[in-house]
Amino acid sequence: MAGHEAGRSGDMAGHEAGRSGDMAGHEHAHRLGWLGTGRMGAEMARRLLAAGCDLAVYNRSPAKAEPLVRLGTKPVVTAAELAARDIVFITVGSSDDLISAILGRHGLMSAYGMAPRVLVDCSTVSPEASARVRAEIADRGTSLLAAPVMGNPKVVRAGKMTAAVSGPRDAYLTAEPYLTMLGRGVTYVGEGELARMVKLCHNLFLGVVAQSLAEITVLAEKSGISREAFLACLNKSVMGSLFTGYKAPAYVNLDFEPTFTATLLRKDFDLGLAAAREHEVPMPVAAIVHQIIQGLVGRGYGDADFAALLQQQAESAGLTLVSEHADVSDGLNTNE
Amino acid sequence: MAGHEAGRSGDMAGHEAGRSGDMAGHEHAHRLGWLGTGRMGAEMARRLLAAGCDLAVYNRSPAKAEPLVRLGTKPVVTAAELAARDIVFITVGSSDDLISAILGRHGLMSAYGMAPRVLVDCSTVSPEASARVRAEIADRGTSLLAAPVMGNPKVVRAGKMTAAVSGPRDAYLTAEPYLTMLGRGVTYVGEGELARMVKLCHNLFLGVVAQSLAEITVLAEKSGISREAFLACLNKSVMGSLFTGYKAPAYVNLDFEPTFTATLLRKDFDLGLAAAREHEVPMPVAAIVHQIIQGLVGRGYGDADFAALLQQQAESAGLTLVSEHADVSDGLNTNE
Amino acid sequence: MAGHEAGRSGDMAGHEAGRSGDMAGHEHAHRLGWLGTGRMGAEMARRLLAAGCDLAVYNRSPAKAEPLVRLGTKPVVTAAELAARDIVFITVGSSDDLISAILGRHGLMSAYGMAPRVLVDCSTVSPEASARVRAEIADRGTSLLAAPVMGNPKVVRAGKMTAAVSGPRDAYLTAEPYLTMLGRGVTYVGEGELARMVKLCHNLFLGVVAQSLAEITVLAEKSGISREAFLACLNKSVMGSLFTGYKAPAYVNLDFEPTFTATLLRKDFDLGLAAAREHEVPMPVAAIVHQIIQGLVGRGYGDADFAALLQQQAESAGLTLVSEHADVSDGLNTNE
Amino acid sequence: MAGHEAGRSGDMAGHEAGRSGDMAGHEHAHRLGWLGTGRMGAEMARRLLAAGCDLAVYNRSPAKAEPLVRLGTKPVVTAAELAARDIVFITVGSSDDLISAILGRHGLMSAYGMAPRVLVDCSTVSPEASARVRAEIADRGTSLLAAPVMGNPKVVRAGKMTAAVSGPRDAYLTAEPYLTMLGRGVTYVGEGELARMVKLCHNLFLGVVAQSLAEITVLAEKSGISREAFLACLNKSVMGSLFTGYKAPAYVNLDFEPTFTATLLRKDFDLGLAAAREHEVPMPVAAIVHQIIQGLVGRGYGDADFAALLQQQAESAGLTLVSEHADVSDGLNTNE
């Protein structure tokens, strides 16, 4: 199965969707909608507006949509009004929200005789909820793309988010130019809910990297190297990623203000390891990290950012951490 | 302890060494030498030449130095002849090689009344060997910088290597402009052999990342996603690093031609975990990966590239891997 | 919550149920039944007969009950006929079997106006199935005890099985004298399905011990010590248990004829770790063993005895195992 | 290589050394010595006295030997005076003590023209120290047996210790009747220092079992089962060992008064894992337990009994432990 790439690294796989001139006309050929403009949704919608797209937005509480309206988008009063749009992007908070926003009484699919061609769900919802929506809208001629996003709102704002996309290939080709505008490009990974598996794998990896980073940072510190110097070096090395870069301020200055809580990360490990069990794939490293995260929750860090893994690691090494009060960049706003 | 940064990400910490004009004169102010021009050394030396430095090179077998000579460097016949240089970079194969090249009969320090001001050892040698050299050259007024390199020859060629540097701070300041020319910049991490600890931490991290990547790639594949699509997506995400990028061809096309063997990685884990034990730092994830690498060696993959972790992982998941024969970039030659 | 002990180690907790004279009359005071006389059930029922109990047995295929009939038990033709008994022990193969045998059309509870006072379920069934039975029989005045057995048929035959028991305390006191006859004594652990949790914990421990035994046995062998000598010594030491004793023949002579398959052990780890997750208890060692067992299944040993963990461990240590063809006792028939 | 068994389980392997009548004469045929009568040595020597042996004892501080003198042993004033004995048992505190007691100025081998035939070293010393002693005494015609003991003083007193023995086979046959008197029997495992490897394996196993026990005990407790009831049940089951029995009081009543500290257990894991590395045996479970023990030390429990693993496990599960103040037997004084 060949991956289908879009975006800056588009040369890595078959199909390519650039931002070249002949695409420009195409980009304006579709009428777009956005359902759910929380922090993530607002940042993403803003990028479509900046690219000159025709965009209507709906949010349960209209106040949250206002900043986008000031940028030129058209507000609508019910989700159903988005039915006239060709492609509707969705960023809602939960599986239940997805079902009620799409299939509910005044939901997107409730308008008589009218429905978008493609829905692009960028939320993190259960495969079951997604599959149910997919099935129920199919006979209305509407396709669902699962497009879970990798990155937080700051990453989106910096133009560095990506997404895995799965669902009908023709629906993907329709939506691809707009998906490409959202960040660093997206990857088509196949039919159905496969993109959600990619997201789970991504988050397992993120947890493992965070814990390994905690281990080596504490080792470096006990050896006499400041966390700032150590992480600066690591981030400049081939091992450095946007992720290890934007977690550096937390690890250096001990800011555990949550971007993603330990409890939420545990949830993703629950799901990821359950998927691994279903597919009969042993995951020795992910499994041990799962237990370490459970320990973090048990020790009372459940509502802290998962970067508190550093704190737990230091405690078990007999090291008392203090903030280095260093001026560490999160690396998101470089032009690299 | 504040990190001291040089290079493109120099804004991350205090001192900065740019490539700006006023530095250009400085760059040409020192006479440089290079001792040991194997694959790594040759690529690194080439970068100094390209920047217009005055460079003399020595290699035990002169043939290996020839390509550099053609590029304009001055060959010398004995290591001792490099004694007239201000700064000498060293890339040798082992601790014993280091000691004999520096302290031996015709070694660098054997010239009467003459010695470089600074030696920069970019090799991977033991802290003991390094400390011995450091001590013996000190009374000759020569300082040793430990500057273990993070990256392989292809990474160097792409201009993306980095190094942690430790030793006397004034020696560092002298060598910094040239170190900066070698790649993406370097980080000063403190006195003595501290840079070697950074390298060990880096390699522990590399092993953990490689194993975690193997786990999630096999999970993705058993779920129905091609390795190519999966890794393309991951590499485009915030988790993607140069490392995960340049290992993608190996994971996709099963090319386990060694860049770094499983046995060598085990050695780094031996050293890294011994250092952790000495500093009383528990390393649960690194320790389990150590054992997994030992298993890889036990199953006969000791001389294969450590990317064979993917093979071992697939076997334990009941999955038979076949090459995807995909045209996957290693990501090193982008301008990103 | 105080444990309630019965049997030979009765002195370890409050209540004691010996085999002393004044209990003898009591033992014969109840009419007993046995539902399901597979390998485990037959061995257990045989012990009640040997102690002189009044016992009726039912098995779906009557042939399996015949050996017990020859020993003096009364066969019955439907499960319903056991309704006239005071206490009925149950050993069936699955949750569904339990439900149909008790609540089904001709099941134990189908007799009009008649039901045993106490059911003692010694099967390994789900807590859900057990709870359903418990609830449905309660209004008939019948109590259910969960009494999952720890030990295999050979252990039962040797008089060395035990069981955790949970359910109404008065029902326990009624059944205790007979439970005590089944082996080394039982332990009352509380209300409801708690005994099933004990069984899960027991089996997690069993898997961890089996893997650790594999690790150290291979280490000893690669050091030059025969498995026979090593395990003889370990079994004689304070670490030796009946379990490590009766697995010795398998580890020494590589007899992986299943007593309990790797797939079944994985199932118990699935359940045990799910319970740990529910109770928010990190289980680092059990989790890693879970993944090792998954690897064993993935490598094709799913239907072999879980002692094949030794084989997997040897392979990863580069060791080819051969049977030692030694005359090793399983330790079950000693009088210790 | 066939194990050579002696003692009660002697039927498990070839050679047997019982306590039968015809052996009695033999037992008194040798003149025995004991060097070092600390807690372990005193308990062991007492058993030889009780069996009627002719025993002389030496201890650096004579006061410690007095209780044995009152039981009929002959005190000597220097280690050298034990040279007239046929077989001398040794229980000293460290490798240095061994070397000075045997090879030192007034050591056992310092007497002119006289030396025991066999030394039996029951201490825990390094293989290097042992090998040195072995080599130096060989040309005096004296053989060394390594016989590290498995069990603590209470285990010895209860008659339940065992030992692995290695060294020259004829020396073993000479010493065997007396070794058998020390506890449950010993096992001959081969030449040289092999017995020390058995001890390391034993202690790795002990650590793994202690941690697994901590995990399941906390799981059981959070499910609603008292530690007392849970451990009573486990100890009655096939998984119960003398070890799990005699740790029960610590786990139930939280008595972490050290019998063996976490720091000492870590030391054995250091050695055991180093041996595994040398023999290229991956030890995934032992390695993770090693790190968990390191964490225990890092959290300040280094001088507590290793049973504090339970405490650490409870903390990571968010459970506050309180003593159950239960009357739990350590199981050592049963006649089982």
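Letters are used for the chains, namely A, B, C and D, taken in the order the chains are written, and counting of residues starts over at 1 for each.
Note that in this section a residue touches a chain if its C-beta (ideal position, glycine included) is under 8 Å from a C-beta of that chain, and two chains touch if they have at least 3 such contacts.
This one's a predicted model, so the numbers in the text were calculated from it and none came from an experiment.
Across the two candidate interfaces, A-D and A-C, the one carrying more C-beta contacts is A-C. The chain with its Cα centroid farthest from the Cα centroid of subunit A is D. Our note on geometry: subunit A versus subunit C, Cα centroid distance of 47 Å, whole angstroms. We define each chain's centre as the mean of its Cα atoms; on that basis subunit C and subunit D are separated by 33 Å. If you average the Cα atoms of subunit A and of subunit D, the two centres end up 57 Å apart.
Residue positions of subunit D with contacts to 2 or more other chains are 280-284, 288, 292, 294-295, 297-298, 316-319.
Contacts from subunit A toward subunit B in the complex involve residues 1-5, 7-9, 11-13, 150-151, 155, 160-162, 164, 184-190, 194, 197-198, 201-202, 204-206, 208-209, 211-213, 215-220, 222-226, 228-230, 232-244, 246, 272, 275-276, 279-286, 288-289, 292, 313, 316-319, 326, 328-329, 331, 334, 336.
Of all the residues in subunit C, the ones that touch subunit A in their complex are 270, 277, 280-284, 287-288, 290-292, 294-295, 297-298. Across the complex, subunit D is touched by residues 284, 288, 294-295, 297-300, 315-319 of subunit A.
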